[in-house]
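Chain lettering (A, B, C and D) follows the sequence in which the chains are written, and residue indices restart at 1 in each chain.
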Amino acid sequence: MIKAGIIGSTGYAGAEIVRLLLQHPEAEVVWYGSRSYADQPYADVYRNMFELVDDRCLSEDMDELAKRADVIFTATPQGLCASLVNDEILKHTKIIDLSADFRIKRPDVYEQWYKRTHEAPQFIQEAVYGLCEINRDSIKNARLIANPGCFTTASILTLYPLVEEGLVDLSSIIVDAKSGVSGAGRGAKVQNLYCEVNESVKPYGVTSHRHTPEIEEQLSYAAGMDYENGQSVLINFTPHLVPMNRGILSTCYAALKEGVSASQVEDAYRRRYQDEYFIRLLGEGNFPETRWVEGSNFLDIGWTVDPRTHRLVACGALDNLVKGAAGQAVQNMNILFGLKENTGLELVPLFP
Amino acid sequence: MIKAGIIGSTGYAGAEIVRLLLQHPEAEVVWYGSRSYADQPYADVYRNMFELVDDRCLSEDMDELAKRADVIFTATPQGLCASLVNDEILKHTKIIDLSADFRIKRPDVYEQWYKRTHEAPQFIQEAVYGLCEINRDSIKNARLIANPGCFTTASILTLYPLVEEGLVDLSSIIVDAKSGVSGAGRGAKVQNLYCEVNESVKPYGVTSHRHTPEIEEQLSYAAGMDYENGQSVLINFTPHLVPMNRGILSTCYAALKEGVSASQVEDAYRRRYQDEYFIRLLGEGNFPETRWVEGSNFLDIGWTVDPRTHRLVACGALDNLVKGAAGQAVQNMNILFGLKENTGLELVPLFP
Amino acid sequence: MIKAGIIGSTGYAGAEIVRLLLQHPEAEVVWYGSRSYADQPYADVYRNMFELVDDRCLSEDMDELAKRADVIFTATPQGLCASLVNDEILKHTKIIDLSADFRIKRPDVYEQWYKRTHEAPQFIQEAVYGLCEINRDSIKNARLIANPGCFTTASILTLYPLVEEGLVDLSSIIVDAKSGVSGAGRGAKVQNLYCEVNESVKPYGVTSHRHTPEIEEQLSYAAGMDYENGQSVLINFTPHLVPMNRGILSTCYAALKEGVSASQVEDAYRRRYQDEYFIRLLGEGNFPETRWVEGSNFLDIGWTVDPRTHRLVACGALDNLVKGAAGQAVQNMNILFGLKENTGLELVPLFP
Amino acid sequence: MIKAGIIGSTGYAGAEIVRLLLQHPEAEVVWYGSRSYADQPYADVYRNMFELVDDRCLSEDMDELAKRADVIFTATPQGLCASLVNDEILKHTKIIDLSADFRIKRPDVYEQWYKRTHEAPQFIQEAVYGLCEINRDSIKNARLIANPGCFTTASILTLYPLVEEGLVDLSSIIVDAKSGVSGAGRGAKVQNLYCEVNESVKPYGVTSHRHTPEIEEQLSYAAGMDYENGQSVLINFTPHLVPMNRGILSTCYAALKEGVSASQVEDAYRRRYQDEYFIRLLGEGNFPETRWVEGSNFLDIGWTVDPRTHRLVACGALDNLVKGAAGQAVQNMNILFGLKENTGLELVPLFP
């Protein structure tokens, strides 16, 4: 059994890791870290875990945890993982960081979008961006995984094959994304109260959302650009908040290069994803809905080519807490420990 | 592997059986019955099943199905199972009926509340009321299981130990229940449209809901009454529709008999349910919420005794599609086939 | 024009007073009091008021306000109004208090349920309980109005005629109520976050909710009891939180006295409410739904008598922010200033 | 008093006209037309109207209605208005058609997108597109108003000033829109059931939605193109369904022409809309949310210019049943009858 520790186990993403590991045949949680609820029974914080988890929450002592755990998930605010990680810890254990600390290879870009100085730049190069379907080979031997964000997983994977095969005009990419509310976390803020969110839809972080550079970086790699030396795709990314608990839908627009046909688009998707368990290609003209992936680790992708504007419209839908966070983190764990990639993750989407 | 057929697999309860059996290690679905969608790919009706179920929907030919399946789940409107069942079928296979056809032992009561003549009265006595925690011994050898309703499972189990031990005044029982919308089924009715249900709560079937006699009958047995000869507890049962997909909360009121103490109430609950995997006793003063059981087969129970009115207020919460329908049906299947009762049902509640 | 000041104008109830007074032909808001947002433009706090309200929020200086306003609405936490009110203020202005400070005539009961010492007991007797349909004569000349709570308005008015006419067994009353989330206020608490409330229903304050004694007191008056000397109806009151913004449904149960008929019940309702503009009697067998009163000052009442148990089941539905708070407050203002009672309150319910 | 008849008064848009006219000081409803509910009391279909509307529903006899009404609102499926309108009717009365029948000046475009032959092409030229803020002068003397669609009102008005002033590249326009469910109407369809829509977001009509040509036509006029002779802006328009009752948010993307500055964008908006009562410019960097306009006739607009991509992102939010349907229809009526444009429409948005 893989011994897993979770820093930030009482946030929504952390709690989802708990849910997934409880149903995982090869892993167990040995440390329920929580700054806010230390010493309280975990099941008092999440009553769904009543009689399923008997443990109490523990502090965030990562040095101690590193001795007890084979893998540590850090589901914490920006900066925490970077402030705690060190070589000693990485000698003992693997870290899968669900924050953005190690997602971006250029510290200047990180600092510009996150408005903070990076506290552990020495680990940035080593960290592997844990987008499993793209980077699984490098993930295998990593010590430190930067688990991708929710919007970014949906957006990058939806656009990746087209960018990789050079089918779209890189200056034309727009991602208009819609998210459920759990993505905003469990902090007590007026703006996330039921009555503030319910019966409304709103854009936020327009032209300034932190997932923008993460998407741009990965698409730059897909395009073969020299990102670390300043080359980069530039996109518009606009997230919207939708009154639902879970789910992300990324609606992606891109101008096809002249002469590119609908069948080339289809081929690009099939080539990349045909054999991926967690990516379900709905085919041209069929579009995903977040309800069909709820609770599961699937990413559903559908698309069409508009003959009038010669533009591609492609949509990706996933559960932000699963494939967009905890599920992908467990998928990374499976790769790290040589398990079959979907071990413990063959969750059937819950509907309705 | 247990071969299971489902009649009515494209209703919400039927689809939930599919979800559960896909994750069940000892059973597989061999027949996706659906009158409305016959010949269509099942995954076209429920897109969450895309790439998980390749089968097409089949007709509702129960004779043919009986030859292929070890167990048939009928998740169909009232009357259908009664109109199809016969001895030949029951020789080949077990039936777990999710409709109300065989739940009520007195045909006159059935006909009075359901406004229809019973089409197979000869099987009523044989049928076992599949409330697993109460009737598991008789379930073991049954051929025909009457799977309890959603409101009734929550309400009966919440009141059972108190009635059984004679702690409450039987003429004082009131059940005020709240249900999510999936209980209303997938039929296209104006009253169940999103805009009609959202942002509202309403009572329905006041003093006339069909789950009333089902609750009364089982509580009568608990009280040791001679129900079949006309003795019966009489209760008020008022269901309400709440804008959420899943979940039932039964708030139960009963006057305690003179001299009955809070600790006697607690003892009654503990004696009955302490060792039940699927019943979680939250303890006095702790009340259940439907969110903590969503997607799981748990029934959470909490209660308090009001010293001012000497009345018990007890609440039970479950997921109407799981413990209130498909989950309990699979639990019955597990009992019927000698499996551990929670096989394939150790589902961790999904939150949020 | 009546000059109105609002203390607590940035809570949900306070904001609803603003909405109503903006559409009121005889009143205007002259003071937007807010402790949390003092000096900020009101429309920055409630963007629906953009270009409709140009004022900035002011402090809660009630002495100053009393000089400028003809009426002060206090939509504030428990205790604030009692801590500020004095004779000088009441000489200048009328106060309509939306908190519970002056609702309960017995300070010992207040202190028992609210766990706080009353700070202005000298005004308790003078204060008039502003349940308009019952107390409008005493309201006319009052200086200090205790505006009823949301659950209480729905529950008392639904039961009042029956208690008043002696049709029900007073020891048998149970009120099972369901509320939208705006009743919980705009404070930033984890328990009121979207993801915590959505897709769930839960009971709270079981046997201990503060609206219990308020209902009991008014029903005691209806029954002709000597409440202030210790006589009182005792009831069970159980509120539930429902995932919707607005709306309260009170489902009331009471045993009818022997010999009482359904037509006596109907007559009692008609006698009391036939001519009330804001109370809509749906008639026997028709039940209210909160969606039909949203945004309006209506209370819809429906009921039935169960011949099997000889129990009455009656339901009242209102919008907790309107008839359950701000609307009734404005109705009280209309009475205080000699206006037609529905002035500015002829709001058509918004659906869907 | 203006006598108004409504064909299709029991759909959501028709019912909203009823709500608005009940609160309108200069108009009254004289005909509640409804094919589905003819002869039934209107308040039985919409219980919010109990005791407010005593009328029964009438047939859809437009000839008879034309004799009794000064204005007829047709809130009906595509084709109905075109099949009924004739010169005799237009001599007696004005028609405000909420369907798409007369919105598009090119019958070939209409037939291509609506897949039906136009039944009254002779009235297409005469009909005035009732986008009040743009066309109020021509509306004044019209007999037949084509009331704009919900998505189109939001999208056209958000982009209009920029297109009109030539600030954006016309080939670059993308509109990604989000709608509440009431836009789908009150028909009993599985896809609009509560459980199908709740907790999900989905795109629909991708590259094929019928509001596309309507937006394109009006933007073509704004750009000074010769639309009727085949010139046209081409856009991508992608609507999404969001689990909420009301509200539309249009997120619009367009590349600014070289050299165009953020202040030119601001100026264009101010010039066009500064004095418009119903258009609220939130200013650069402030974005609208549908909750702030619910129940009102406002359109809120916010925008920003992304310096990285030199692209404009502009959002418009409205209530699809008010400014997107019934409210704009009443606004058109006010113009037609020489009333102040916001008569009866000074509705304060309802929040929460």
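Everything that follows uses one rule, which is that contacts are C-beta pairs under 8 Å (C-beta built on N, C-alpha and C of every residue); 3 or more make two chains touch, one makes a residue touch a chain.
Every value quoted in this text rests on a predicted model; they were computed, and no experiment measured them.
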Shared interface partners, meaning chains that touch chain A and chain D: B, C
Most remote chain, CA-based centroid, reference being chain B: D
Chain pair with the higher count of C-beta pairs in contact (C-D, B-D): C-D
Whole-Å separation of chain centres (CA-atom averages), chain B against chain D: 46
Chain B-chain C separation of Cα centroids, rounded to whole Å: 38
Chain C and chain D, separation of their C-alpha mean positions in angstrom: 38
Multi-partner residues of chain D (each touching 2 or more other chains): 12, 182, 195-196, 198-199, 243-246, 289, 291, 294, 352
Of chain D, residues touching chain C in the complex: 12, 15, 19, 22-23, 46-52, 182, 199, 245-246, 280, 282, 289, 291-296, 300, 346-352
Chain A-touching residues of chain D, taken from the complex the two chains share: 171, 174, 176, 178, 180, 195-196, 198-204, 206-207, 234-236, 238, 240, 242-247, 249, 251, 253, 287-291, 294, 304, 306, 308-309, 311, 313, 315, 352
Chain B partner contacts - residues on chain D that touch it in the complex: 12, 181-182, 186, 188-190, 192-199, 243-245
